[in-house]
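Labels run A, B, C, D, E and F following the written order; every chain starts at residue 1.
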Amino acid sequence: MRPNNRSKDSLREIKIEINVSDYAEGSCLISYGKTKVLCTASLDEFVPPFLRNTGKGWVTAEYGMLPRSTHTRMPREAAKGKQSGRTVEIQRLIGRSLRAVIDLKKLGEKQIIVDCDVINADGGTRTASITGGFVALYLACKHMEKKRQIKEFPITNFVAAVSAGIHNNAAILDLEYEEDSDAEVDANFVITGNGKMVELGFTGEESSFTEEQMNQMLALGKKGVAELIEMQKNVISHNG
Amino acid sequence: MRPNNRSKDSLREIKIEINVSDYAEGSCLISYGKTKVLCTASLDEFVPPFLRNTGKGWVTAEYGMLPRSTHTRMPREAAKGKQSGRTVEIQRLIGRSLRAVIDLKKLGEKQIIVDCDVINADGGTRTASITGGFVALYLACKHMEKKRQIKEFPITNFVAAVSAGIHNNAAILDLEYEEDSDAEVDANFVITGNGKMVELGFTGEESSFTEEQMNQMLALGKKGVAELIEMQKNVISHNG
Amino acid sequence: MRPNNRSKDSLREIKIEINVSDYAEGSCLISYGKTKVLCTASLDEFVPPFLRNTGKGWVTAEYGMLPRSTHTRMPREAAKGKQSGRTVEIQRLIGRSLRAVIDLKKLGEKQIIVDCDVINADGGTRTASITGGFVALYLACKHMEKKRQIKEFPITNFVAAVSAGIHNNAAILDLEYEEDSDAEVDANFVITGNGKMVELGFTGEESSFTEEQMNQMLALGKKGVAELIEMQKNVISHNG
Amino acid sequence: MRPNNRSKDSLREIKIEINVSDYAEGSCLISYGKTKVLCTASLDEFVPPFLRNTGKGWVTAEYGMLPRSTHTRMPREAAKGKQSGRTVEIQRLIGRSLRAVIDLKKLGEKQIIVDCDVINADGGTRTASITGGFVALYLACKHMEKKRQIKEFPITNFVAAVSAGIHNNAAILDLEYEEDSDAEVDANFVITGNGKMVELGFTGEESSFTEEQMNQMLALGKKGVAELIEMQKNVISHNG
Amino acid sequence: MRPNNRSKDSLREIKIEINVSDYAEGSCLISYGKTKVLCTASLDEFVPPFLRNTGKGWVTAEYGMLPRSTHTRMPREAAKGKQSGRTVEIQRLIGRSLRAVIDLKKLGEKQIIVDCDVINADGGTRTASITGGFVALYLACKHMEKKRQIKEFPITNFVAAVSAGIHNNAAILDLEYEEDSDAEVDANFVITGNGKMVELGFTGEESSFTEEQMNQMLALGKKGVAELIEMQKNVISHNG
Amino acid sequence: MRPNNRSKDSLREIKIEINVSDYAEGSCLISYGKTKVLCTASLDEFVPPFLRNTGKGWVTAEYGMLPRSTHTRMPREAAKGKQSGRTVEIQRLIGRSLRAVIDLKKLGEKQIIVDCDVINADGGTRTASITGGFVALYLACKHMEKKRQIKEFPITNFVAAVSAGIHNNAAILDLEYEEDSDAEVDANFVITGNGKMVELGFTGEESSFTEEQMNQMLALGKKGVAELIEMQKNVISHNG
């Protein structure tokens, strides 16, 4: 039995509250069960050097965890003077995922920085960051469209992410922390609104898995992302 | 006229929501108007080296701002690889202020780390951090008392903080960002529940002020802190 | 047509030269075509703090590129004062992959550090590092067995890695740099000697792909790894 | 009784030796008793980025302690790779204090960097740095005036600083190290030549104090600064 | 007796294999016995700031050791986040030595970066780096001459380096690690093709030596360098 | 003609003022003409890890320049967050030189840290640091002997250092900044009280020199050091 009697192919309770920031061009607070991530999308008039004078824009992401978002307090990365390998890996993944669904030429020579800050961590912070980060990015683009800072809406598709894993030999969807730390295999799926794959990662830390298990996890991931994208569409449609 | 028709000696709307973190021993989300700070107090079984085997404990604080807590996005300190001078100055102030109202011997050889993370910044983030940080610290001590991790309750007094300043030649209480960036003089008051001073700082950046103005600001600060401590007492009394 | 008339499902020329280091407990120089990586496995009597007094050992990996292993010289990470996100991501992947095929209890409270240093880079440096890193690790364990530093041989399986991708709409195996920089999708496969999966990663940078394409790449990956493991077995059998 | 039979409201012996540097535009060696600080003011043709093309100049300060300026040797900050929070706090204070008495428009688009390096530390290094830093800044401006690098003399007022504290329940002026480390309350006063306040800071580390005590310290601070400004005027009048 | 019955005034076996890098403008792999250094010379179109618009070029060097080039594994400098004092000292020496034999005006406003990466260390890595670094630099200049990127060949002389020392009271040439760690005095000689001195360094770590011993070492150094330069000339004459 | 009509083989005016620090176990302020270095020797009860439980002590040195010790202000190394290669090279040289004249076993398991801080720089700061650093070290050992912290006086010999160079084709002693920046060859000599060599370094930056020139410089260096050691003996004999 999963915690809260959840079935193997169910998501946790998902909530997306939009426009939570007073200043960001786009923002939301997303929850996957007890995991809560604040996502803001900020417009920056400067693109990275390799894009200057190309007419193309950029989308990048940064990820952080508040020190007591976790069961035991984690040292603050700013105080340690560097971001951990895990942080860097996650923020690179978020950035690549979001760039897969935006036409950077239509964005023009501007940068959007999506910050994903974990307020409470209970497993799935990277997938919640992608799903929520997309909402913040979408809202920022809508804001820019309204302000006539862009000519054409640059978002080409929806994108969301979810985890799956093998736990006690069974494939399960959207692992929470307790399940995650016990899982034999851990997988993450980033999939678009028309069912195309953006990033798939399967990791058997100190373990391995079969192709059949891989396919079971993939089926769960597709189901989970489809549901998440419905929720994204729903909240976005209520944006004034 | 101040924004929202506030009178010169009024605080902004103050809200303190307690026990907002699933994991921290004590926590609150404090608002001074649009300024919002998440404060968590975490118990750490290890004290700093200079206190080992002394029987005395320690309270320290860390401060951070989310990148888009501000009007324009600030670079993330973890990405830059170091904390700014301003951050270090503020977290040292919070730590000193909280240590003034706790008996470190009663705490025993334990450390409590108070994290103050600014979700939204509209002036007064350091004073809100002290007022909210105290609430988190108080709740953490109550939690430890209940768990019998301490024998005697170590908190000796309440403490809260507020700013005042000289703006358009008049002394005003609890400045918001727009006022703060225009103010001729900026002051911060950290005062205890029995009206004793813990830290007073008056700063005339590129300017100076008279002793009379100093006394006007001090009067406002005393009034503001007294009101804040009433609110602290009120929310704490509702802690289950 | 691929460079050198290579067919879509062919590996580049693979070479593995063993025992190339005078000092390392295990070592090899591995080539995937023009990509060359020097892999050394070093025994360290100290395990990381979280394993002290557990009786369990650890395997970790570090990855680096010589400054002129690339077409244009890259700044030296030691001179810049930090490892890039890409470096950290790759060395975490190598470490996880190797830990999947070793019984850390049989290793005992020892650490083996596998260094993968790229001498020449022409695509596939991370997959060559895993395949070569495994050979170095295997030889180090053999060395320790001979010296009676371990009681039981701890390696539980072979492991190797290869890339595949979608290039001009076709799935191809083991991409070299020129192909890689043009590919629509990039995938990496870490698979064991008995055909079980350890790590699978599919990345459509600024693009997406179908499930059918995913399966084509996976088929290539399985074929490629099977061939690589044959070569590993062959060179190891010649170790004196 | 204070060391050397000093009365409660007396400064230590103050010495200011000017033009001690062969190269700096302005310099002095200031002593407050055994505390000795070398202050140099250096003209820099470049202003910080936020002032470019504004016609305004800037004054900034840096502070350091020689490793054996203290009773026990302190690690060198350059070797540790970062400045402590205390160092950053002090140099920000010195910079703000000096900017309060200079008209940055009259300075023109130039920067003056005031370096305060502690040769010997016996309490009061930050206040000696402000008093001596002002003398160095003044002399540098005189030098620039003579060289016709500025049109109008930009200094608008004198400024000096001194500490006071509560020690054995009595307010005392200009604490030396032995007193400082025992003091219940520590205060610093930065006051101009016409008696206006620039920075006042009262700190009751792990303690608190009354408004009456605050006023006693303030009275001492005003007296001490007035005497220090007389000495500044005296040495400056002897500058050739 | 020296290892391998080497006589006191003999070099170890020297090998220089040229053009070992697929990408570098010039490269070689040099061996002094078991010491092996990979040297690459990379053309960089940008000179350091102090040479911009002067028409003069620059030659600089960087030095690194692979983690397991040594008997016991050394921590990777990129992972530690800084280069050791020894590394910095050696790369400054290599750069100065190479700049002594090139006409920077003839090079034009270009930079050549010589990377010396130690694959295997058995004493004498800095001298092998200079001798091999010169070969890489020479070949890079030949490459640029052929590509008409320079008008005149800028190399003005050959240069090579060797160590000598006092070991068991006798002067010996080209110390290997075992001798080096026992030697009373250690010396390094950088000498040109026409017998002029470029850098001479004599170091009696925790010891001292006489002028006569100095002259014995110098005689060995001159003999060793002369032989090394013959070998450089020989390999370079075979460059296609 | 040299500045101040100095002859080719003359030192600048040398001054050594001892016991200038209130706290250091040994100290002096040394001048070579306008070059001034404050040298302090501090006793530290802890030796570096590699010497623990060996009964042997250690002497190490650190070197720094005050920001405005130079003609144009240099950025502070503490603010930049790292020591330059030049700083590291110099402090390693000072440490090696001092360790050559002390019996580390007689010192016992203690460390002496010699800090050399340049107050004013006019050429020769590293040689003045060695000469003055020795005086500080000697006085610290005398202090420890008097306090019975050591049984036998551990200093085995005097040591001092001076520079020489080739300037306008002539060998000259003890170069000041103006000469140094023009010199074709630069050399440094560290020699003991009985005329034995400790460190000799000859550097022809972007140039080379003959053996005859080397011998001319060496003769000057020997003469200069002999005179410096006379002065060391003289000031030390006046130590109370």
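Some notes on this structure:
We adopt the following convention: a residue touches a chain if its C-beta (ideal position, glycine included) is under 8 Å from a C-beta of that chain, and two chains touch if they have at least 3 such contacts.
Predicted model, so just to flag it, every value in this text is computed and none were measured.
Separation of chain C from chain D in touch steps, taking the shortest path, is 3. Considering the contact criterion stated above, the chains in touch with chain A and with chain E alike are C.
Chain centres were defined as the mean of their Cα atoms; on that basis the chain farthest from chain A turns out to be F.
In summary, the pair chain A and chain B forms a contact in which both copies contribute largely the same residue numbers, shared numbers making up over half of all those used. Taking the mean of C-alpha positions as each chain's centre, the chain lying farthest from the centre of chain C is D.
The centroid of the Cα atoms in chain D and the matching centroid in chain E are 51 Å apart.
Looking at chain F, residues 81-82 sit in touch with two or more other chains.
Taken as a graph of touching chains, this assembly is arranged as a ring, one closed cycle with exactly two partners per chain.
With chain D taken as the origin and chain F fixing the direction of travel, the chains line up round the ring as D, F, E, C, A, B. Residue ranges of chain A in contact with chain B, taken from their complex: 21-24, 27, 34, 38, 40, 42, 44, 62, 64, 66-73, 76-79, 81-83, 87, 113, 115, 117, 119-120, 122.
By the touch criterion stated above, chain B contacts chain D in their complex at residues 82, 85-86, 88-89, 91-92, 96, 99-100, 104, 157, 192, 196-211, 214, 218.
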